[in-house]
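Next, two complexes with chain A in common: one pairs it with chain B, the other with chain C.
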Partner chain A sequence: MAGPLYAADPPGSVASADLEGLTALFHARSGTTHILAPPAPQILRALAAGPADAGEIAARLADAFDLAGEEDAEAAISARLAELEAAGLVWRQSRSGSGQPPG
Partner chain B sequence: MGIVRDGMSDVKQDEGGSAGAFVPSRRTVLALGAVAASTVVTVRPAFAQTAGSVLNCEIPVPSPDKVGNYIASDGTLVPPGTPGAFAPAPRPLTGEEVRVLMNHGPTPAGIDPDAAQAYLNYIRRLQAGTSGFTCFASLQMPR
Partner chain C sequence: MNHRFELRVGPVAFRIGSAWRGPVEALRRLYAGYPEPKGICDFTVRLEPERPWRRALRPSIAIRGDFMLPGAAPLSLAHGLLAAEMGMNLQMALGQRRFLLLHAAAVERDGKAVLLTGHSGAGKSTLSALLGERGWRFLGDEFALLDPESGLLHPFPRAVSLKNESLAVFGEVDGARLGPVMAGTPKGTIRHLRPSPDAIARMDVPARPALILFPRFGRDLAPDSRPVGAAEVFVRLTQASTNYVALGRRGFDALSRLVSSVPARALDYSASEEGVRLVEDHRSK
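Moving on to the complex of A and B:
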């Protein structure tokens, strides 16, 4: 059974800066700033291609990276998604695909 | 922590000890980290409220200027009666109720669980200047 589908704001809606391994990200829509450690920024970029569940995100990341701890990729990504969701940077989307983020 | 410098970059720092040198690499290693590790920290904005006010602040769903609209499961506002969408919340949700929902806790009293998830998705999309935004933003602040 596929896991929850997650979506994120397009990369153009956030401003980010590299901080020697960390990423400072200003989320304009919420007006909040976040400090992200890998792989959170990479997950957000993977979601730029469209909503996906943890398995699909793992596949997208594997296209660009060699994943360390690959056997636990989905579990690790699910944990990262939960954090990103709590921070308001991603949200769950129905699989019907109805609706788009406002503004 | 991970050793990626930046996103989907194809450039990896040389691990062989040549200080400051960057060598081209087709593949970059991305460490996904332990499940229990934390990778997101939210910086407290200047308008953050106190913990006490977070418990008591309220978030109308939808905001008063959009009253009457239904809330789709993804949190978008849709015309009243839209199939699969939910009627507005019967009362404003308190900050504490939303905080509990965000942590996958129990649904507030009198709120249908599926509707509550739609309300939460609506709240996550609140923008600055929208009723309830400051309350929601303060919920995201680390304690």
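Moving on to the complex of A and C:
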């Protein structure tokens, strides 16, 4: 069974800066700055193409990254998605398309 | 207000009003040679009796202005100059929106500005003031003003607040540049130092940041200088800024541009002269 579907703000509403491997991200809607470690910024970029679950995100990332062990990758992405959800940077969306960003 | 004084420090104009003559006269002496505001003042500071009857009886100064912190403790009239300085700091910290404000000292030489930021007691005031007496241009010891549009640092060369042991380090400067010794203030013994004439004359000339330093002073610290990673620099500078959150996207863009273009190092030192030497070493590199 597919996991929960996640959505993120469109790329135009966040600003990011590379900090020698880490990424500073300014989330305009909340006015909050986050410091993210890989693969969190990559997950947000993958969500720019539209809402996806962990498996779909892994597939989108696989185009650019060598993801060793698909199941492990999905588990790692699910864990990062939960952290990004807690930070208010992604939110869950139903498969019918409903679901609003937090706040 | 019975007594008034207006001055401009770099791009910021202040009007200070006082119920007493003393603090305004002390300000006039300390800030002799500073320009007058070109137009309307950016910030107003009012030094008023905490209660009307306390203007003459055990006078006690409440610091008021456009922006106020509730519950700020009043100071004694003997510390009126400190009250005025704290009032100016408060207005900047709470009201400045034009620049990204970093709680940092800054000096410049050969067009390259060095930012010194750190916790209270790290020695930013003493180091920047000493460098200001050794051929560097003193840009400020309290706030560095980063222009979000140009990425340049604007000088804000207010009087340096010398505290406790650092007073002795400046025994050779012209006495006319020193304010009264204020003992028993909430920050210990304080004496203000007017920056050099060159720092005042060139207060409208901004400088390009070239190095960020995080000095740390401790009697037992071995002299050391080491690089600091960009993410740590970014986080520490957001903490050192009083208006980063208020500036929103402009603040983020200004800070990320600064951090990505300017190297940063942590400096440990155990004596002022050693600190000066470490900063000078970076200039020659």
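The criterion applied here is as follows: the second predicted complex is superposed on the first by the 93 of 103 C-alpha atoms of A that agree within 3 Å, B and C clash if a C-alpha of one lies under 4 Å from a C-alpha of the other, contacts with A are read in each partner's own complex, and residues count from 1 in each chain.
Criterion: contacts are C-beta pairs under 8 Å (C-beta built on N, C-alpha and C of every residue); 3 or more make two chains touch, one makes a residue touch a chain.
Only a predicted model underlies this, so the values are computations on that prediction, with no experimental measurement involved.
Q: Per the contact definition in the header, classify A:Gln93: touching chain B only (first), chain C only (second), both, or neither.
A: The first partner, chain B, only.
Q: In this superposition, which partner touches a larger number of chain A residues, chain B or chain C?
A: Of the two chains, more chain A residues are contacted by B.
Q: Identify the partner contact of A:Gly31: answer first if only chain B is touched, second if only chain C is, both if each is, neither if none is.
A: Both chain B and chain C are touched by A:Gly31.
Q: Looking at A:Leu19, would you say it contacts chain B, chain C, both, or neither? Reply first, second, both or neither.
A: Touch partner of A:Leu19: chain C, not chain B.
Q: Quick check on the output: what are the common chain A residues between the chain B footprint and the chain C footprint?
A: Shared contact residues on chain A: 18, 21, 31, 33, 35.
Q: Which residues of chain A touch chain C in their complex?
A: 15, 17-22, 24, 26, 28, 31, 33, 35
Q: Which stretch or stretches of chain A touch chain B in the complex?
A: Counting only chain A, the residues touching chain B are 18, 21, 23, 29-42, 45, 61, 64-70, 72-73, 75-80, 83-89, 91-94, 96, 98-103.
Q: How about chain B: which of its residues touch chain A in the complex?
A: Contacts found on chain B: 1-8, 27-43, 45, 72-78, 84, 102-103, 117, 121, 124-128, 133, 136-137, 140.
Q: Can you list the chain C residues touching chain A in their complex?
A: Going through chain C, the ones touching chain A are 229-231, 233-235, 238, 244-245, 248-249, 252-253, 256, 259-260.
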